[in-house]
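As structure tokens, here come the structures.
Next come two complexes, and both contain subunit A; in the first it sits with subunit B, in the second with subunit C.
Coming up: the complex of A and B.
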């Protein structure tokens, strides 16, 4: 399994190098969160806003950039195309589940984007005087665990939507709707604490918080102790939910796909 | 006169194309409305914590959101499809067909195509502006509307000129797609009043890549807060940029040796 992954990873890495320009474009789309940050800074000039000092905003959006690169997923597009055009058939007879190819491609892209992004984020965090991260052994370990969980929730939910292509040709519309919801409710746009109090309950139970904001909050020291444990429990419950969903949908989908006979 | 007739013909051709993809129209409308709501939510979140950003109240900022959506729609409808076509024509070599037509080549190259379903964004932007003005309780008089119309026209001219210059660059560079993507990112700053941005950034957004002239200043015009200096500035900026884009286009096609000959 490890060797197979290495081979898949290497070929995906080559491909991503070829399309480096598109990686740059992806970076540019992060500009919207940077603009949001700049606006927050202009508001928090006089004092903390909603419990965030200027430094906290910088730290939040910088960590957010990293988390967003790690949890960025687009496998459902490729999967939709493959299913529609029949390119999935040769992949099905290979001795490895097609999902692993998408995972490898996803991570090759992540590694490349992170190597571009990490130095920038590090410099910004160092030169911003009061941008402090809450770094303890527990918070770092919890952050890594939540990051893995955030990627799994993002990837598996996206993949589940992609599998819908077995039945409909409009699955990418669902993907886009999902991305839109993610931009607003995962904390890419603004820290979730800034949303009205009436929404906080729903935000805590929906999967979106666990795709990004939750990780940021851990590293900023805003979510600790029991709230941290509660968050991790909800997050990994979503991981389990989407994992089972993907397995069931895939089984049903692959069966009906086989019936068409390609 | 001939040019007006041509625009009519282009429009007819575009409508015919559009009618073939009606499902596409509905899907696009939904996606557009989704983005419009993200724009509005993004603005609203700030005002749960503060009363003004950059000296603008919530509904005043909403006017800017409306203009941002409206101009974004115009860009997608009129500029993006033509610019993509220009880039492609230069690469493939079919630009010759445009140059040999007996009309102004810049007109022909930049007016031919339209993505009509982006009209949804233009309308949504207009609705947001009208709604925000209604909530402020400001009903603009004739002069204000006239000033707004002129400022809006200048905004269109400025955006058009920027896109034309980027498209013209394709005579030298193949990957102009990245350039337009860069512009789209910078255009994103137009969601908020230019006074939100500090220092060098504000100067760049006013004078170098004049996003302020596209959303902030027209918004000030419709709110009746336009300073005379900005009005003159918009006229000068529009004229200079349009003249430059036209000169740059002529310069480029003067040096263009077609791909086929």
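Coming up: the complex of A and C.
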């Protein structure tokens, strides 16, 4: 499998170098986080808001940029097109599941954009005096694990939506709805601590927190010990849930694949 | 070697009572039609393949003929594991295609003239490398196969150019190469020459024939170009409206449907149709040129008689165009159905 991935990754990497214009679109998605950071900085000017100082906001949104990059997925668009136009057919007759091509494409983009993003984030964190990260071996390890989980929850939920294209030709409408919910409830708009307590309780059980905010909280030292363990358990339960969902949906979908015009 | 004999005699493709029905949603034309279809969709069952059975042995090249929408592509898709049969059974190399086991996927290929597997924005070479990894082709075998394909298809410079910058013909060559890198034992070719010019069609045909000779591969081919089928296939399967109409030797079909040869005459002096009628059925006659249909069995004899009795400037013998024959076959299907309805 390693060699297969290497080959897929290599071609995906070359493709992403072909499409440089997409970089512009990517800048726009980051703009949203930057704007929210500026908004929160101006609000927290007079003093901490909801326990967040200005420095905390900088740290939160800088870590958030990286997490958002890693959890950025768009496989459902391509998958949906492929199913509708029958372009899935050539992929289905190859001895590798089409999902691996999407994973490779996703990570090819991540690697390229992270190499650009990481230095910028590092510089901002260093020059902002009170932007502090909580860096211990445990918090770093937990962050990495949560980051992998966040990517899996994002990717698999997105893929599950893409698979709906086997039945409806407008699955991308669900993708957009999902992206909207993600912006609000994953912690991009505001750290989840800013939400009313009752809502926070609900968000602890929904998948959105585990696509972004949870990772930020770990690296800011806001979620530790048993709350950290609880979060990881819920996150990986969602990973398992979406994994099984993707498998079931795929099995059913492939059955009803019409291979239109292919 | 009775065992080897058994292997070579076993069918590689077995299709028994295969049916595939679709639910198609119908939309009336225009905006109102769209609205109506938005509120309440109408569905109609289409029998794309209806109770079709046939077997194909190893190394056979079978042409799959039928008008548009006859069910050719649907059958190929079932055999390639893309579609699940509604009823009946299909096995290829002993596998049930729709299970899509890797062991099966590694042994056949599906080439669709209208769909591509090549990555559009990269050179074809990159797709080859991905396929090498995915099909787990050992390096030495990969190099050897590439060299062979290069000899047969002259891939040299074109596999290094971005696919989107290739001509249709060049792209098809690369498409075939990508599809054959893993040396499949069974080839499903759906309109492999569509849109290509005559020379390129001939090249692709030669290549398919050569691949079949070299590897004893089994080939199932659909094409709108009759020349593809006449050049490659001894056996044809004709389906129409999802139903099997003919399965057998191509020559035999031609002799059944068109038991005549065509004689074209350039006459030295004006002659009437009546005067020529004794030699065969006169299709046209306008003074100095005439076209006759003569029964196949007595063609030589009639021609000899004709040449001795009529002053002829030039004469050519032709086989009836296969297109016409197939058209007659399908017209026959229509008649049979009309008769059945009555």
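Heads up, the rule we're going with is that the second predicted complex is superposed on the first by the 257 of 262 C-alpha atoms of A that agree within 3 Å, B and C clash if a C-alpha of one lies under 4 Å from a C-alpha of the other, contacts with A are read in each partner's own complex, and residues count from 1 in each chain.
Note that in this section contacts are C-beta pairs under 8 Å (C-beta built on N, C-alpha and C of every residue); 3 or more make two chains touch, one makes a residue touch a chain.
Everything quoted here is computed from the prediction, not taken from an experiment.
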Which of subunit B and subunit C A:180 touches, first, second, both or neither: first
Subunit B versus subunit C as contact partner of A:91, first or second or both or neither: second
Partner chain(s) touched by A:8 [first = subunit B, second = subunit C, both, neither]: second
Contacts of A:122 with subunit B and subunit C, given as first, second, both or neither: neither
Touching partner for A:135 - first (subunit B), second (subunit C), both, neither: neither
Partner chain(s) touched by A:248 [first = subunit B, second = subunit C, both, neither]: neither
Partner chain(s) touched by A:257 [first = subunit B, second = subunit C, both, neither]: second
Subunit C-contacting residues of subunit A that also contact subunit B: none
Subunit B-touching residues of subunit A, taken from the complex the two chains share: 21, 24-25, 28-29, 31-32, 35-36, 38-40, 42-43, 49-50, 170, 173, 176-177, 180, 183-184, 189-190, 194-196
In the complex, subunit A residues that touch subunit C: 3-4, 6-8, 10-11, 14-15, 18-19, 86-87, 89-96, 254-255, 257-259, 261-262
Residues of subunit C defined as touching subunit A within the complex: 22, 77, 80-84, 100, 102, 105-106, 108-110, 112, 114-117, 119, 121-122, 126-127, 129-136
Complex interface listing, subunit B residues touching subunit A: 27, 30-31, 34-35, 38, 41-42, 45-46, 48-50, 53-54, 175, 177-178, 181-182, 184-186, 188-189, 191-192, 196-198, 201
